[in-house]
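The structure under discussion appears below in the form of structure tokens.
Labels run A, B, C and D following the written order; every chain starts at residue 1.
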Amino acid sequence: MFAVLNIHCLDKSGIVADVTRLIFEVGGNILDAQQHREELDSQFFMFVKFDIKNLSCSETEVKNRFQKLANLYAMTWSLNFSNQRKRLAIMVSKYDHCLYDLLLKHKYGELTADINLILSNHPDLQHVAEHFNIPFFCIERDKNNREKADLEALNLLRENNTDFIAMARYMQILTPVLLDAFPNKIINVHHGFLPAFKGAKPYHQAYEKGVKLIGASSHYATEELDMGPLIEQETARVDHSHCVDDLIRLGRSIESKVLTEAVKAHSEDRIIVFKNRTIVFS
Amino acid sequence: MFAVLNIHCLDKSGIVADVTRLIFEVGGNILDAQQHREELDSQFFMFVKFDIKNLSCSETEVKNRFQKLANLYAMTWSLNFSNQRKRLAIMVSKYDHCLYDLLLKHKYGELTADINLILSNHPDLQHVAEHFNIPFFCIERDKNNREKADLEALNLLRENNTDFIAMARYMQILTPVLLDAFPNKIINVHHGFLPAFKGAKPYHQAYEKGVKLIGASSHYATEELDMGPLIEQETARVDHSHCVDDLIRLGRSIESKVLTEAVKAHSEDRIIVFKNRTIVFS
Amino acid sequence: MFAVLNIHCLDKSGIVADVTRLIFEVGGNILDAQQHREELDSQFFMFVKFDIKNLSCSETEVKNRFQKLANLYAMTWSLNFSNQRKRLAIMVSKYDHCLYDLLLKHKYGELTADINLILSNHPDLQHVAEHFNIPFFCIERDKNNREKADLEALNLLRENNTDFIAMARYMQILTPVLLDAFPNKIINVHHGFLPAFKGAKPYHQAYEKGVKLIGASSHYATEELDMGPLIEQETARVDHSHCVDDLIRLGRSIESKVLTEAVKAHSEDRIIVFKNRTIVFS
Amino acid sequence: MFAVLNIHCLDKSGIVADVTRLIFEVGGNILDAQQHREELDSQFFMFVKFDIKNLSCSETEVKNRFQKLANLYAMTWSLNFSNQRKRLAIMVSKYDHCLYDLLLKHKYGELTADINLILSNHPDLQHVAEHFNIPFFCIERDKNNREKADLEALNLLRENNTDFIAMARYMQILTPVLLDAFPNKIINVHHGFLPAFKGAKPYHQAYEKGVKLIGASSHYATEELDMGPLIEQETARVDHSHCVDDLIRLGRSIESKVLTEAVKAHSEDRIIVFKNRTIVFS
């Protein structure tokens, strides 16, 4: 039983003392506290995880007291309690490697989120969903019905109280219908070392260029394709002997890794976005 | 201008609030704060770096106030101010790669310590010391005069107000004369992936074993050879095609890296030792 | 359609020319050729992969001609044709991460072997076998019936024409009944950075020691526990904040990786064992 | 005493047999042989290193015999004997980290080339050259005298029989005067993960983008800035806490590494360029 506090405001002396004092006063015991300053903009960011088993007041009361403090410093903030796990929806197409990785990590208890549904534009991976006992939905989607499909998806996601979304190689460009409904809550994985090799066929681009490392990048999906705030990146060594198919094969493990790491960080409230960049507390 | 506070005590609710409050009250502004708990032993460790340019009282006064707080919680603590840089002595034998790495990083301003002297049991590397304008001393040392040589070294180190020591491939086993005078202040580098391949000729041992990764390890020197608290470790990939000389060659860069990282961490007061293990704040 | 030739003999001038000439004469086209010399022992090792679609004689004829050449140089050799895929048996206990990795890589076509059966001492993972349509067998095994259980396993493996075995965290010590029947054909994974942390509870040992990198090692199982020829090793960075459970969690991915890599290398005839060390062609 | 043969031609059955036969006939003993095929273009590339201590004819005779074989297959080829070490010129500006790395590796005997001169557009690093006893030359260079400066440099390089050049953070754009005189013989290092962050201030670009890994890339300098064939790339992990100066600091070691690796590969005749990509034998 713990709570996680995220804070963002203009930097000012005394914030840390005031925040930690408040946590002490409501009966919390700090388990982890991290902070970050952006020197150029005088911005202050903080992540605090505190034990709440000896809380001396209700969760609502805690939130009310934080609101007062937040007003003093003009903070943007969030406070999440561990008994309210986030609900994750996974969107997939036909590739299953990122999906398996998320499902297995979830099964091992490594994700602090619940996977509430898997949504695909193809029926191919239904058997994987069934193997892990996760509800599977199929909404067909093509160039001509994107908005309609996304609206149908949005309804499904809302009915299931989805908190955030992982695009596990969904291979589709989302419309603002979904993007605007889940700002900084849709995590995509790109199979290139962004900002290089944006868009389609990044492994083909990488092969043509003759790179010596391939990469994968997870980021929050935004309207500008593959340009959202980067969350995690990873590389794998390649050489001249690898053809495009080899790059695709080698890329699978780093794609899975950067997506799952991003999902973990998001579900643990460790990410704050500022100026199209992420602060990812460790 | 900043100060770094290290704290170690039994875990108890309210420590973080009290410490951060005190820093606020003396006019400090927290730049970085990290903490660690050892669940099994209920131990609490904290690292706080705070800006002191607007300090409202003298450094002595700050220390006095911390002493009072420390008494309340039975803390072991230290408080170091950035204007008092640590003085580092480097001990070398004939290999120069770790020495060059420390000297270059120092030159680039990456070490927050001053290198006050280089001490060797051979005259070979005097020219390197001269190239970087560091005083060089040679004290011969063999099996029969270890204590005497270490006593001479101790006098030299004390005359020069040495705070801590880096054994940059010194290749000598120190006697308690030096070890007891600098507890947890002598950093050694071993060219093996400890605890494997302790003692002599680790690369030969690694070759015989047919390992697929070689390693290097920095640690605080203690009386038990190569068994002191580990500070940093690194590995490099090898295969069957590498002979012992290849391992020695490949090992140089990881030896330099783990020693320099350890020197950095120590000089920035980021290391606390507990039960022969290190907490290394990041 | 290709063949892979492995050669081991005393080094002598002209071997490469003779071998490549023979391959040319039987209509093979060399796709990859690698060699290795052990200087100290004057040993020569070679791996040749050659295209056989234009072979001018039968596979038996090719083998006969190689035998004559092998006699000249007193070679130990093997020649495997790609249409005869090796048959892999996987042994598991209750942990499924290495198993999933092998099954998925097999599904993606990354293994050049067929998985013919999964054998466990517990029924827990039967559902995983079923999900991937692999026959599953359970043979109970405890301290008192090891030989008997291994004999039963041996019969099962032979009935199914098993070529080699992957112990995917089988967590059991094999008896000579199996070890002698599959020399250098049983691949085990140890969750420690061998030769450190042999035997039981390596992550606990690693935690106690305070290492900064944990490791996993795949090797051929031999009678001396965890001392067989190393095939692949990998490390992952850890720090003071990781408890034993964290090490176990972080270790999963490197365990999977080193086991799957070893299985790949073995199935592609890229491993030759010499003096308890492996030559692993790339 | 060994020789290295590089071959590039259209793929055809029998090449390997013919080449290895010729080496055997002239008394060479093959130490290492690697080959590569570009499937799409049916191109064949080969690297052969062979012992020449028992050569049965003169080096000229060996070359003559290879020329005949080369004519048969329309090969592009080179044959270099280890007693004729390549002569490397290093071009630097004011940053010394890549320079030190090359000089130290050279001193340790890790480069199979001789460093014959250091050329700079500033006098700042003369003392480093002197410390390592390498001739130092300074040719001033600005926007208005590029061709003239490069012509002066070219004369200097030719007088000193320079074989290839390492731009160790030279920070200048070469003119065709030099580029055309040393095609695929000038190795540059870029402090970005190419093809991302081309041109000026790559670390600033990387910071703005919020990448989670920074990179460095060595490549052959061509007229199109930072677009020549990539030779080696490396990355280092960064996060939100790193400002631009931190990226610059962290980048030094990967810049040194990729440049030195490229210099090694070039000096050992392990690189062949094809279609703006490199084959780098290992």
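The rule is simple: contacts are C-beta pairs under 8 Å (C-beta built on N, C-alpha and C of every residue); 3 or more make two chains touch, one makes a residue touch a chain.
Just so it is clear, the model here is predicted, and its values are computed rather than measured.
Counting C-beta pairs in contact across C-D and across B-D gives the higher total for C-D.
Note: the chain lying farthest from chain B is C, by mean C-alpha position. With each centre defined as the average position of its C-alpha atoms, the distance from chain A to chain D rounds to 41 Å.
Between chain B and chain D, the centres computed from C-alpha atoms are 37 Å apart. The set of chain C residues that touch two or more partner chains comprises 282. The part of chain B that touches chain A in the complex is made up of residues 13-14, 16-17, 20-21, 23-24, 27, 29-35, 37, 54, 282. Put simply, chain D touches chain A in their complex at residues 36, 39, 193-197, 209-213, 215, 217, 229-235, 239-241, 243, 276-280, 282. Contacts from chain D toward chain B in the complex involve residues 96-97, 100, 104, 108, 110, 127, 131, 249, 252-253, 257.
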